[in-house]
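The following pair of complexes shares a single chain, chain A, combined with chain B in the former and chain C in the latter.
Our next item is the complex of A and B:
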């Protein structure tokens, strides 16, 4: 939740006027046995190993929205309850469903692929069937792992063409910067099927992945503060490897990795590009210029400073109006509520673009 | 060099009025045999191994300021020439000398300590003697390595009390985040002797150090763009480990690691502190509040965007006036010239503090 100073009246007024597309809504099964039911052996038994992410599990628990759904499962496991708790009160027209599975914690590429495939099948059967998704409010992600790009492509091909699977989803935890060419078959498939690529915080530096900091951080608060650095590394990798020159139709959204590091990072990269473009001749223009055409950023977690003016400065500098898309990250401890993330005096145009228009265009909704 | 739009007249006017303290001036020997002469065996012979940093050496070479000094050595090896080329034209009252040695590339803590000790002895004999430093313009760094904190403390104790050694200097390349408690003996010694701690870009992720990105970056431009992420990790480590509560007299300057990431990082850390302070009960206030009291940032490399207004926004948001100290990084390819780093209409007060007053207070000059 942001440190909001919005008044009740302001909140109500925004609720009345704004239609919202929420780009990051996590869903989970009542029990992970539901997911395992889709797995083949020996993976079904191996999945018993799954005990969360090991170190750097959130010490506040998996969600702050506690309690069960009326049907008896954990939060975000019941489509009807999710409609009541999230969709209706926030005037959400479309919810882009994100997985709640950490396949990338593991090390075996076949195991990872099986976990993702099972999760995607479960999403398809439980959330996208016509009885549950009668109005099309739910759009879903094709969750894949980076480690074996060919298996990822196979999984993309299983679902591409389904009208409600609207993006390919990668965990930002990885073994190498994600712009590197070994991962390009995934991006080629995204472009071929017109599916945007989402990269979302997950198992960064954990399990079978490479660390993203010098040595281990000591605590969750440190790990979570630093995750945006991993996003910076991925983004710099995409930009310097020339991924958007190679795949001009590729569009990408970065979720939960922050945005206010953009000025420091892009000003630096643009300046260094002028000195070192001979290293990366396939990059045809200032790296920052690729951002607006190809990349969007989820808003959550929207951390507001005490000084609203400083916050507005940063929104202007990063061109928030054109690159941000609202995301709640429901139902995690730091879920953002659409009507509360901005201070007063943010223009209606900016709000309309961030809460609605940018995502509508990005996902071709 | 910054992308300056300053006019010649503006440059000349600033030169006339501003006294400058330059917090990052690198010096090197005519030949590294000068340094080796101070080493004991077997380290003197082992130092023949030194071939730069391995991968991620700057493909533009060690300096952009090419050519030799009139006395025949490489640039920055001759105190008289350095006075002519840097000190006089830029009205520099004090130059804080930084090492040009990469002991932290290696893995053996005794070897590292010997390299640093030899370099410090060479600095003392060549740059701080009364014939060369007759006016006290040169102040120097006690270069140490993090890996064996007890050896670092021993080296600090060799020089503490010398009026011209004004700080302890650590490479930001390391094996773990530098705020962790295994390194605290170094900070205890800094506090005990009233010596600020400088942390400077060097062997980040190279040689015997831990990588600071997920997997290896592929090229120098990528490595150099991402180095600020390692600084963020170190700073978050200092703040979450409570180093400034444990050593309230400790002051620290971060050199070459950027500053414009501060809003994103500090807003995030402050917000997460509110949720997770139970993990770090020794942190007594919002982490961002430690910055102004304890931490300064070198200006170089000062990357300016096209939009001067955006640049000014960021200077205001990060409180540049109170936390920045001018540094040129002479004589590297991206040396900043004092009169060129800022656009017009930066207040005289801000300039005076950044170019002079902040460093004067920080180093008790």
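Our next item is the complex of A and C:
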């Protein structure tokens, strides 16, 4: 009798502490001097000029939840504090780290490459190959800029094979839709080294990148609402250019670009494929059929309709159980908290796949 | 199953088609390189007259970035939305297992009086000429 009670309690406790893999955790240096220490001249001095999104910097005056770490740095700069604020309370088994860099705001490919390389070295030294990662909870991204794919490949090759660098990370702000063939050396490298590709909101439509809306939105709220338009453009580009036919081993995750637009966009693409297949004869099946095999979507920002049944139905329509992976976007102002994103009518099976199993398989953890 | 004479062989040369109404059905009969095929004249998409579309070839499934033209004269594109169908088997190109148009057998036979159907025009034919017969 007591055994059975104990087992029930165990099961209950396991339920409460569902393991989580967080696919989008952001970190930053205490001071940019940490990054500059890795940079060569003249880039080190140039890096004083500007860091951010320019006209679409966050009007809250901060990009993160408010507060500093006990050690005095900005939030997400102290691994121990990050453990206390994010990892422990959410039972996170693995956190995929990426600094927010915004190198792609700039136009100079060499400068971008230097900035990314410096950040990657800093991630390696401070977070991965450091005693702060004693339990291996931290994995990280190799950040590259796509403007000069050859430089990107060189940077990937600097880190490929390191067990804790688990993906290649691109800013979704670009000069052309990212499925186009000028970018393929990057995808070839991803496939060759077995590294998934992450595409994350960044400097979309800003700086040296192409606009993705008609002209300029007037305000940040408009820009951030419309960012999914850019992700739609990238996704359709990947599917129509045949990237997954050319690189059948490539897997990709789209972060922060939304998900509930997905069925409408795929229905439209599939319908038009029936008329215009002749333009893209290398696409050998309905374009939507490539998604489940190759593409995952981060959950953040998770939006919910008022009616929980509508929400459950939307998740079913997009096959969320198989294509979504939990991402908190910690510590940004719109971060999601794992325990709060799903209403009660979502099954444990779906939650477990989204919180854990899908990412475990995707990253071979 | 009934057989109907469509026309004299000489009236349906290679690359040509005839659309006939038989037993309440509209059917397109095609001569492709002296082989004969028939498909229902109804696109499964919006039920429009598929067989009035362009008979053409298609870019074959290819490596990424390559265009390989093939199947010349064997593909029909619906005149409305451009969906491609294989005239030889009625299957759509975009989803051959799920989307297809009905096909019918066509034969070429020597003239026999008893084959002639009351409902279609009869022809004066020589023995060397045959008739195209549609079986529905």
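Rule of thumb we're sticking to: the second predicted complex is superposed on the first by the 345 of 365 C-alpha atoms of A that agree within 3 Å, B and C clash if a C-alpha of one lies under 4 Å from a C-alpha of the other, contacts with A are read in each partner's own complex, and residues count from 1 in each chain.
One rule holds in what follows: a contact is a pair of C-beta atoms (placed from the backbone, for glycine too) under 8 Å apart; a residue touches a chain by one contact, two chains touch by 3 or more.
All values derive from a computational prediction rather than experimental measurement.
**Q** Looking at chain A, does chain B or chain C touch a larger number of its residues?
**A** B
**Q** May I ask you to decide whether A:241 touches chain B, chain C, both, or neither, giving the answer as first, second, both or neither?
**A** Both partners, chain B and chain C.
**Q** State whether A:269 touches chain B only (first), chain C only (second), both chains, or neither.
**A** first
**Q** Per the contact definition in the header, classify A:284: touching chain B only (first), chain C only (second), both, or neither.
**A** In the superposition, A:284 touches chain C alone.
**Q** Touching A:88 in the superposition: chain B (first), chain C (second), both, neither?
**A** Neither partner.
**Q** Go through the superposed model and pick first if A:232 touches only chain B, second if only chain C, both, or neither.
**A** After superposition on chain A, A:232 lies in contact with chain B alone.
**Q** With both complexes overlaid on chain A, does A:213 touch chain B (first), chain C (second), both or neither?
**A** A:213 sits against chain B, while chain C stays out of touch.
**Q** Report for A:292: first if it touches chain B alone, second if chain C alone, otherwise both or neither.
**A** A:292 sits against neither chain B nor chain C.
**Q** If you lay the two complexes on top of each other, which residues of chain A touch chain B in one and chain C in the other?
**A** 241, 273, 275-276, 278
**Q** In the complex of these two chains, what residues of chain A are touching chain C?
**A** For chain A paired with chain C, touching residues are 181, 241-243, 245-246, 273-278, 281-282, 284-286.
**Q** How about chain B: which of its residues touch chain A in the complex?
**A** 3, 59-60, 173-177, 180, 204-205, 209-222, 224-226, 228-230, 232-234, 236-237, 240-241, 258-265, 267-273, 275-276, 278-280, 301, 303-305, 310, 313-314, 316-317, 333-334
**Q** Per the contact definition, I'd like the list of chain C residues that touch chain A in the complex.
**A** 45, 58-68, 81-84, 92-95
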